[in-house]
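Multiple structures are listed underneath, in structure tokens.
In what comes next, chain A is part of two complexes: it sits with chain B in the first one and with chain C in the second one.
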Partner chain A sequence: MTFINYAAREINCKIVYYGPGLCGKTTNLQWIYDKTNPQAKGKLISLATETDRTLFFDFLPLDLGTVRGFKTRFHLYTVPGQVFYDASRKLILKGVDGVIFVADSQEPRMEANIESLQNLEKNLKEQGYDLKTIPYALQFNKRDLPTALPADDMYRQLNFKGEPTFEAVAMNGTGVFDTLKAVAKLVLTELKKK
Partner chain B sequence: MAAPDLVMYEEEYQQIKDILHRLQVDSNSKIVFLVDKNGQQIASQGDMRGVDATSLASLTAGNVAATDGLAKLIGEKEFSILFHEGERDNIHISLVAQRVILVVIFDEKSSLGLVRLRVKKASGELEKTFEQLLKKAEADRGNQANRFDSPFAEITDEDIDSLFSE
Partner chain C sequence: MVLKPAPAETPVPQAATHAAERPFRQKADRVAVIADEPRPFRTFLGDQLRRLGFEVHFFTLGDPALDFARRSRAELVIVNVYLKGKLGVEVSEEIKADPSLADTRVILIGALFRANRFRGNPTSLYGADEYIEEMIPEKELRQIIRKLFPDVTGTAEFQVPEPREYDEARRLARLILSDIVIYNPEKVERGLRENNFFEVLKEEIEEGRAYFDSRVSFRVKRDTEIFNETLQQFVRMKREEVERLRTGTQ
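Coming up: the complex of A and B.
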């Protein structure tokens, strides 16, 4: 649910990072936070457990500048990936404008990727969204690991509508901004249609 | 899309700010703050210096969402009010028109009773304003002639690319 404020000349969009536990969602946000000018970003809020697992969400507000005289603001959220936090994931998806699915490239995590993707589809549907039509991008993270599956294999198993797909190493920033940019573009293009 | 976009116009924005200002003065509180359920800040009144408004908005929405989830779990429709008491400051959170969250931060210069009373009055007024806002936005959506209003119809790829070039 984009919030268009004609009075303050602002648009606000919500983007959610989804994916299985430990796939690197929080790491994506941390990289974006570290690499953005201080005046373009707010605080990074992490509601996490003592072991740095996301408990409820991470949140980062990002000012991208102006389009057609409107200040463009993206609110980035991550969900907790661990299976038993499903109730929290549903809450975070409320009002979402675009989704980034972060997949873990390690072979033993493929099943968790698929399960999480199905969970995303189901939770979106509950809110009245359709994964097939919502602005959406796919990221294969942890490409640096020796156990990483070939990207082609992953593409065949996870890409389902030709969505923009990126290989990433979130730890060193590879692919992080490309993924965000792709989804931001889709979200803004969606606005155009309205 | 599941929910219609929230749109804010100058006239209603002014009304909302006036209502919040009156609430802040009448309840003798420090800060009055309006957030949409998704954590986007709508307006605020009072001394916001030293307050991170964006974080406040996002955490409030998270708090309300979690409490909503709890309510459903035990078969309640919603808990309409949340109250957190601190050593110095207190925070009173309530839902308006089912879609926006009204936050009042106050200290010993006010009291929970007073805040409750004034919030009730302001909520009624805000509800009317949001009704009006929704109607207007709907009319706008239906009315093709008003489309020139939308600055996004002409967004180009270059516009979007330029957002990311630094």
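Coming up: the complex of A and C.
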């Protein structure tokens, strides 16, 4: 749910990084934060409870243009990936405008990827969204690992609706901004339709 | 699959208004009563019998088991020799002395199993038709059941499909384990190396188990040990891997 700040002439959009535990959601976010112009970003905030952790920050990308004269400010969130923390994930999805699903390329985590994707679809539905229509991008992270599954296999199992899909190594930034830009564009396209 | 004991006993039904009415009995199934202490072996038996088309009811005490067997005209009673209260051997004798249970077959479960000790077959079965011990292989158990119920032969290979929820529970258990492993690699390694996996990861396992229990159905919780089994399988697999590496075998 986009929030419009008329005083600042900004449209605020929420993008959530989703995926199984330790797939690299935080690494994506950290990379983006580190590489973003300090003037264009807010603080990186970690909401840590006793058991789980959520990161978020907002930033104002300068190269994505405006929507009817309004600049767009993106708020990026990660969710706790461990299967236990479903309640936190549901909460973080509230008001989401776009989702990036980060999949772990390691073969032993494939089942966790699938579960997390199904969980995303279910939790979106509970919030009144539909994965089929929401701006959405898929990222295969950890492509540098020797145990990484072939990208084609992952695509067959995880690509949901022909969404833009990227191979990434979030540790060194490969694919990180490409994925974010893809979903940001989809979010802006949706905004322009409204 | 190792099954876990049922915490709740099958309630003994009240006398029906009409003798012919037994609402708790499904016509398609044979009724089996298992009277044994709650333990994985008891649920292993239950699982095997269900696969052979039996409707299974668990008891820990002899009297309610006997009462239920009489009311339901159970075709099979499997009873531990040393039950609390009424002994299994007494249950067996009473069944065999009851003309209304003439068609009921009784299998006694030996109280002890020590594979590495000398043992002899029991001299008396107290009227029971068969005698088994814990750790009986599935195949051998099926042979005994087939012997007692020849018409089971045709259906013995027929596997009653496991409920879908069991598969889902297994998947959930694997996911929880996978999370535990990926978030605690050092503890996992230490637990495997020092052979104390369950102690080292006690907290994580308990957290995982609580979540598992909160997500699975009552039936899965009551009838299975899927969570424990998944952990044990993992430890076993890892140990075998280490052993293969150590000995250089494939």
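The rule is short, and it goes like this: the second predicted complex is superposed on the first by the 172 of 194 C-alpha atoms of A that agree within 3 Å, B and C clash if a C-alpha of one lies under 4 Å from a C-alpha of the other, contacts with A are read in each partner's own complex, and residues count from 1 in each chain.
To be clear about the criterion, contacts are C-beta pairs under 8 Å (C-beta built on N, C-alpha and C of every residue); 3 or more make two chains touch, one makes a residue touch a chain.
Computed from a prediction, not measured in an experiment: that's the story for all the values here.
Undergrad: Report for A:Lys71: first if it touches chain B alone, second if chain C alone, otherwise both or neither.
TA: Touch partners of A:Lys71: none, neither chain B nor chain C.
Undergrad: State whether A:Asn12 touches chain B only (first), chain C only (second), both chains, or neither.
TA: Touch partner of A:Asn12: chain B, not chain C.
Undergrad: Between chain B and chain C, point out the one touching more chain A residues.
TA: Greater contact footprint in residues on chain A: B.
Undergrad: Considering only the touch criterion stated at the top, classify A:Thr189 as touching first (chain B), second (chain C), both, or neither.
TA: A:Thr189: touches chain B, not chain C.
Undergrad: Looking at the overlay, what does A:Gln82 touch: chain B (first), chain C (second), both, or neither?
TA: second
Undergrad: Overlap of the chain B and chain C footprints on chain A, residue-wise?
TA: Looking at chain A, the two contact sets are disjoint.
Undergrad: Taking the complex as given, what residues does chain A use to touch chain C?
TA: Where chain A meets chain C, its residues are 20-22, 82-84, 108-109, 111-112, 115.
Undergrad: If we count contacts the way the header does, which residues on chain B are in touch with chain A in the complex?
TA: For chain B paired with chain A, touching residues are 1-10, 12-14, 36-40, 42, 52, 54-55, 58-59, 62, 65-66, 68-69, 141, 149-155, 157, 159-160, 162-164, 166.
Undergrad: Considering the complex alone, what residue numbers of chain C touch chain A?
TA: 171-172, 174-176, 178-179, 182-183, 207-208, 211
Undergrad: Which stretch or stretches of chain A touch chain B in the complex?
TA: Residues in contact with chain B: 1-8, 11-12, 14, 37, 42-43, 45, 47, 56-57, 59, 61, 64-65, 67-70, 72, 75, 87-88, 90-92, 94-95, 127-129, 177, 181, 184-185, 188-189, 191-192, 194.
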